[in-house]
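Below is one structure, written out as structure tokens; the observations come after it.
We call the chains A, B, C and D, going by the order they appear; numbering starts again at 1 in every chain.
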Amino acid sequence: MSMSKAPDGMSTHDSGSKDESHFIEDYEGHDNITIHPNAWSKYRLYIREYVAEFLGVCILIIFGTGVDCQVVLSTVTGVASSQKGSYLSISFGWGIGTAMGVWVSGGISGGHINPAVTIALATYRGFPWKKVPGYILAQVLGGLVGAALVYANYYHAINIFEGGPHVRTLATASLSGSLLMLFVSFFGSRNQDLLVLKLDYMTAVSCFFSEFLATAVLLVVVLAINDKKNMPAPPGLAPLVLFILILGIGASLGMETAYAINPARDLGPRLLTSMVGYGKQVYTFRNHYWLWCPIIAPILGAQAGSMFYDAFIYTGEESPFNRPNAAARAHHERAMRTGRRNMPAGPGAEDNV
Amino acid sequence: MSMSKAPDGMSTHDSGSKDESHFIEDYEGHDNITIHPNAWSKYRLYIREYVAEFLGVCILIIFGTGVDCQVVLSTVTGVASSQKGSYLSISFGWGIGTAMGVWVSGGISGGHINPAVTIALATYRGFPWKKVPGYILAQVLGGLVGAALVYANYYHAINIFEGGPHVRTLATASLSGSLLMLFVSFFGSRNQDLLVLKLDYMTAVSCFFSEFLATAVLLVVVLAINDKKNMPAPPGLAPLVLFILILGIGASLGMETAYAINPARDLGPRLLTSMVGYGKQVYTFRNHYWLWCPIIAPILGAQAGSMFYDAFIYTGEESPFNRPNAAARAHHERAMRTGRRNMPAGPGAEDNV
Amino acid sequence: MSMSKAPDGMSTHDSGSKDESHFIEDYEGHDNITIHPNAWSKYRLYIREYVAEFLGVCILIIFGTGVDCQVVLSTVTGVASSQKGSYLSISFGWGIGTAMGVWVSGGISGGHINPAVTIALATYRGFPWKKVPGYILAQVLGGLVGAALVYANYYHAINIFEGGPHVRTLATASLSGSLLMLFVSFFGSRNQDLLVLKLDYMTAVSCFFSEFLATAVLLVVVLAINDKKNMPAPPGLAPLVLFILILGIGASLGMETAYAINPARDLGPRLLTSMVGYGKQVYTFRNHYWLWCPIIAPILGAQAGSMFYDAFIYTGEESPFNRPNAAARAHHERAMRTGRRNMPAGPGAEDNV
Amino acid sequence: MSMSKAPDGMSTHDSGSKDESHFIEDYEGHDNITIHPNAWSKYRLYIREYVAEFLGVCILIIFGTGVDCQVVLSTVTGVASSQKGSYLSISFGWGIGTAMGVWVSGGISGGHINPAVTIALATYRGFPWKKVPGYILAQVLGGLVGAALVYANYYHAINIFEGGPHVRTLATASLSGSLLMLFVSFFGSRNQDLLVLKLDYMTAVSCFFSEFLATAVLLVVVLAINDKKNMPAPPGLAPLVLFILILGIGASLGMETAYAINPARDLGPRLLTSMVGYGKQVYTFRNHYWLWCPIIAPILGAQAGSMFYDAFIYTGEESPFNRPNAAARAHHERAMRTGRRNMPAGPGAEDNV
């Protein structure tokens, strides 16, 4: 969710014509290297951005589902002597996971670690669309692997909670004995209350609105702290802002749908849960809740937040709202011919400021 | 509350004569643009500062009233399985809201997001008075819209709390069933205890003093971290200081009047509550408490804090305490004629340091 | 506790000969001003450093004793509907107060806001001894005024707690009805347990050791983050480190003597309590506990921490451990004559790096 | 765990030939000093790095075991009037200890304060192997002394907890009266539950995996925030990131084995406990748990995390994954002869960027 320093993030347009030499050029730009030190480092260039996204989401999910497991499982008889955390701990865990996920990937891939962010940047900041599928795939895989590591870490405690290594069933009416709560709560959407307490007061519209609103707020802040003409976070500290931001979203907008605000954060762990024994029910629950609430709503909310920010605040050239019209282009061409440069800065010019 | 990077904030005096070209010049200063890329980007310049203030307060209120709602509503039977936060969470939420509000607006409008700050900067830092009404209007509107979004987000939970979608009544004697508590607490002044527990021990003088003191402390810190000759926050990190500051004010001075310390933060949500069914009572309560406690006291406290800081610490030219007298002006003119420049730096000179 | 940017702090030696022109030179150094804009700004130069220390401690005490009052008083029947904070809140409040106190004074006076720090810097960093008495007086006065403001802010709640506006008595055996607890805890040394629970297990040696150890740790960190050859905090962010540090000392070493670690933090509020009705008992308690535990122990602990840091880590010229011996001085003089400069950098030279 | 600014850390290779003049050169590089100001400052150069590691771990353990003691001991009857902290406090304390430990040592020794980090940096970042034993010895000694200071600080409260100054026995079945819990929990591995509750569900494999995973995550983040081509933490702020990171590991992965993730953090305090009366049992418990869980697992986990980061993300020359092969070396030599410099930057070249 931080785009500064991203080689292919906000500040560059990908022409598409020099596709194959892209990574090498990027590598050169950093190091003045024209040949690779060895074969592996050459091949690595083609996967490095995607591995960074994979790693970022993996780290996010290790912290996030980790804190969910620790706080809830520590209350189970026989697992721990006292509860190891609180709701505030959970907010901290997800905030920290987001920050660490971006710190390990920000300079390589831009640190999106969220398909909703990737799609919004492709729409409003010139992130190349052709990379979007690879980014999203890497992000979901990172979520799956992160959840698997946490599942392995808390395997025995989960067994105690569930009643045995082969019990992986859905929740029933009562809270005690609700297995799905553990499953969806930890590795899915965290909205245990929706399942266990049958909180029918949360209509589908409300669930959708809650994710939509929180993701819109997320994108407004993400775009602002990467906007050089607003109040950008200092280099290397965008993840600190994200830590505080996600802590706040968890504290303020987290109760109703557990603030997925990130399709990969939900889908990756959900895939894991279907693999370890919970089966297809994780997708069919509440008319395909998994699809419209933690996936579609964040993607659309991210679009809405980005649109608002760009329409009213952003002046950078990458945004569709600031595309030059015919008059501006004509003026620009005249200026180029006469040697005066007083047009809107073109892509990349911002780096020279 | 952060003035660094504000194009029209602390560091510039507005001459008034070149009023209409103001925004465009500012825009040029950033980008060397003499024509606008398109029509919308031209019109946007005239509203961008005000939209930034609107957006900043809106974000502040989404986090602030959001955390109020989440922590209190999650205790209502049928809403959640356990309380989703604590008093410390509330302090975090308001601190995070302030930080995020400034991060999304700081570089555009100066990130005041508080009429008391705007008025104090106009008095002591040369912020143009003619912009003050527009700023305050934008701030109050931002509070209104932010509260509306949170109200929509927690609509169903509020209904459960109130007893139904059409019940929006004032508090009665008992805590259970106190509807006004929810209302004022979440969207108003948060001082639920004053209403519900009939805490007559808090006299009007005490309420006024509490808001006055907290806002004076707020302004002393805000002016200090924007004072280049003191210990200014690094570029882009003033909001981090504000996060910690508001967290502290909530923890230390927040019990008695719920630290409004910001007229827009109270009036905006209060307007929303009168619209959604609580009516005029929100204004008539306790001899127009809404006016003298969360509006007048913060404005005067901000003046007092600024006056103390400027009288004893600040040496910048913008402050009335550092206006040159006749002798200094005469010296300055002589120096200008002789080519020596050893006078107090005039407005704008600071930018050349 | 932050020495960077302090005009007369660590990095300069005061020759003593140009004493009267000192402030003006300093002022000039910032602004190229040779005359003062007006009379007040001229007189202000002579008091500004001391006012900054006063203000810094005042802010520290407002947050610190404020959070003490809020957390404890909110538990009293009739004061609030629920507890407004926890032990962690108290740790946060004191950490935030320290950070804010340094942010408002750091660039003016060095932001010591602690007599133990001032004395240690005079001993080990060349801070002029002649300023030490004025600094300490200003710090204690700041503590007194800060406590008075908090006392005024919570006056009515304290009355409810004490049983009336004229009841200001010492603690008796039982916790309920212990008035001294409120007094010493909030405005004194916070070690309510020593008084109320008669925790004789805490011997005088243990009390002394606890303050000694915590202040030694404090100084090691303070010196490290101001040591340009170690890992200094970025400009403007030393208070952030102090926030985290004080939060940690409160969490880890705060239980036994309530981590005064600052003579002004204890003595200022203690003076206030003797004025508002508690009388001489606040000084006679436990064989003049007020003197040897929260005053002498921190001063000696600060010396010990500084000594350790300078003996093993610090290489700067200001420290007595790095004073050049005769051979080094002779080498230096030869080098000066021959035009080569390869001696230990003299005072002030560090600023040219 | 921060390697920036470390004179002998990541960015330099130690040739071994100029071993004795090493420190002096380093000293010169900072200050242009060719002779030492006095005899002590000359001798100090030979031990300064090791003292910094000692001091860093000592500070870490003071905060870490300090918060353990405070939170648990304050619940014992007669020790305090209320619990002074919570599980979240403990997470804060260890995070703060880590940050402060690095802040006081980062610029001198690199701030490893963890043998697993030291070994990983020797393997993957060219940290000289010949310094590794000295570093580890200093780290373990720092842990021992830090634990001794905390033990002295809480001596009387521990006596109340244990039942007397000469009672230092192992835990029995019941929680009340479990002495080993205090011992191992505070000064050992914190995994009180393993001992007291006989949590046999935590198999040896699970214990090992938990430490392995947490340390791998630690190293991925540590390497990322010191990687200039990723998103490095700003100078002086790496400890802030570590504070957040350790807070997160405690919240998310801390329940099962108490996240030793640092052999010195466990072994140092464990040595102290065997000295003060707990004897050999601290080593024989559970088939030498002390060796394979908090020592071997973190070392191997650190290797795994570093290997992953370097294999897929890191492009710096120091890593074995980026060693130039024969072709690259030949190309480099040709380039050197022809004056063109387009090879991978050699060691030290990075500093010129």
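What to note about this one:
FYI, contacts are C-beta pairs under 8 Å (C-beta built on N, C-alpha and C of every residue); 3 or more make two chains touch, one makes a residue touch a chain.
Computed from a predicted structure; not experimentally measured.
Centroid distances from subunit C, each centroid being the mean of CA atoms, peak for A. For the copy pair subunit B and subunit C, the superposing rotation over Cα atoms measures out at 90 degrees to the nearest 5. Of all residue numbers seen at the subunit A-subunit B contact, under half occur in both copies; the interface is built from largely non-matching residues. Per-chain Cα centroids separate subunit A from subunit D by 30 Å.
Averaging Cα coordinates per chain places subunit A and subunit C 43 Å apart. The set of subunit D residues touching two or more other chains comprises 86, 88, 234, 237, 240. Contact between chains, using the touch rule, shows up for A-B, A-D, B-C, C-D. Across the interface of their complex, subunit B is touched by residues 86-88, 91, 175, 192-193, 196-197, 199, 201-203, 206, 209-210, 213, 217, 220-221, 224-225, 227, 229-234, 237, 240-241, 244-245, 247-248, 251-256, 308-309, 311-313, 315, 317, 321-325, 327-328, 331, 341-345 of subunit A. On the side of subunit D, the complex with subunit C involves touching residues 2, 4-5, 27, 30-41, 44, 47-48, 51-52, 55, 59, 62-64, 66-67, 70, 73-74, 78-86, 88-89, 92-93, 96-97, 99-100, 102-108, 111, 149, 152-157, 159-160, 234-240, 243.
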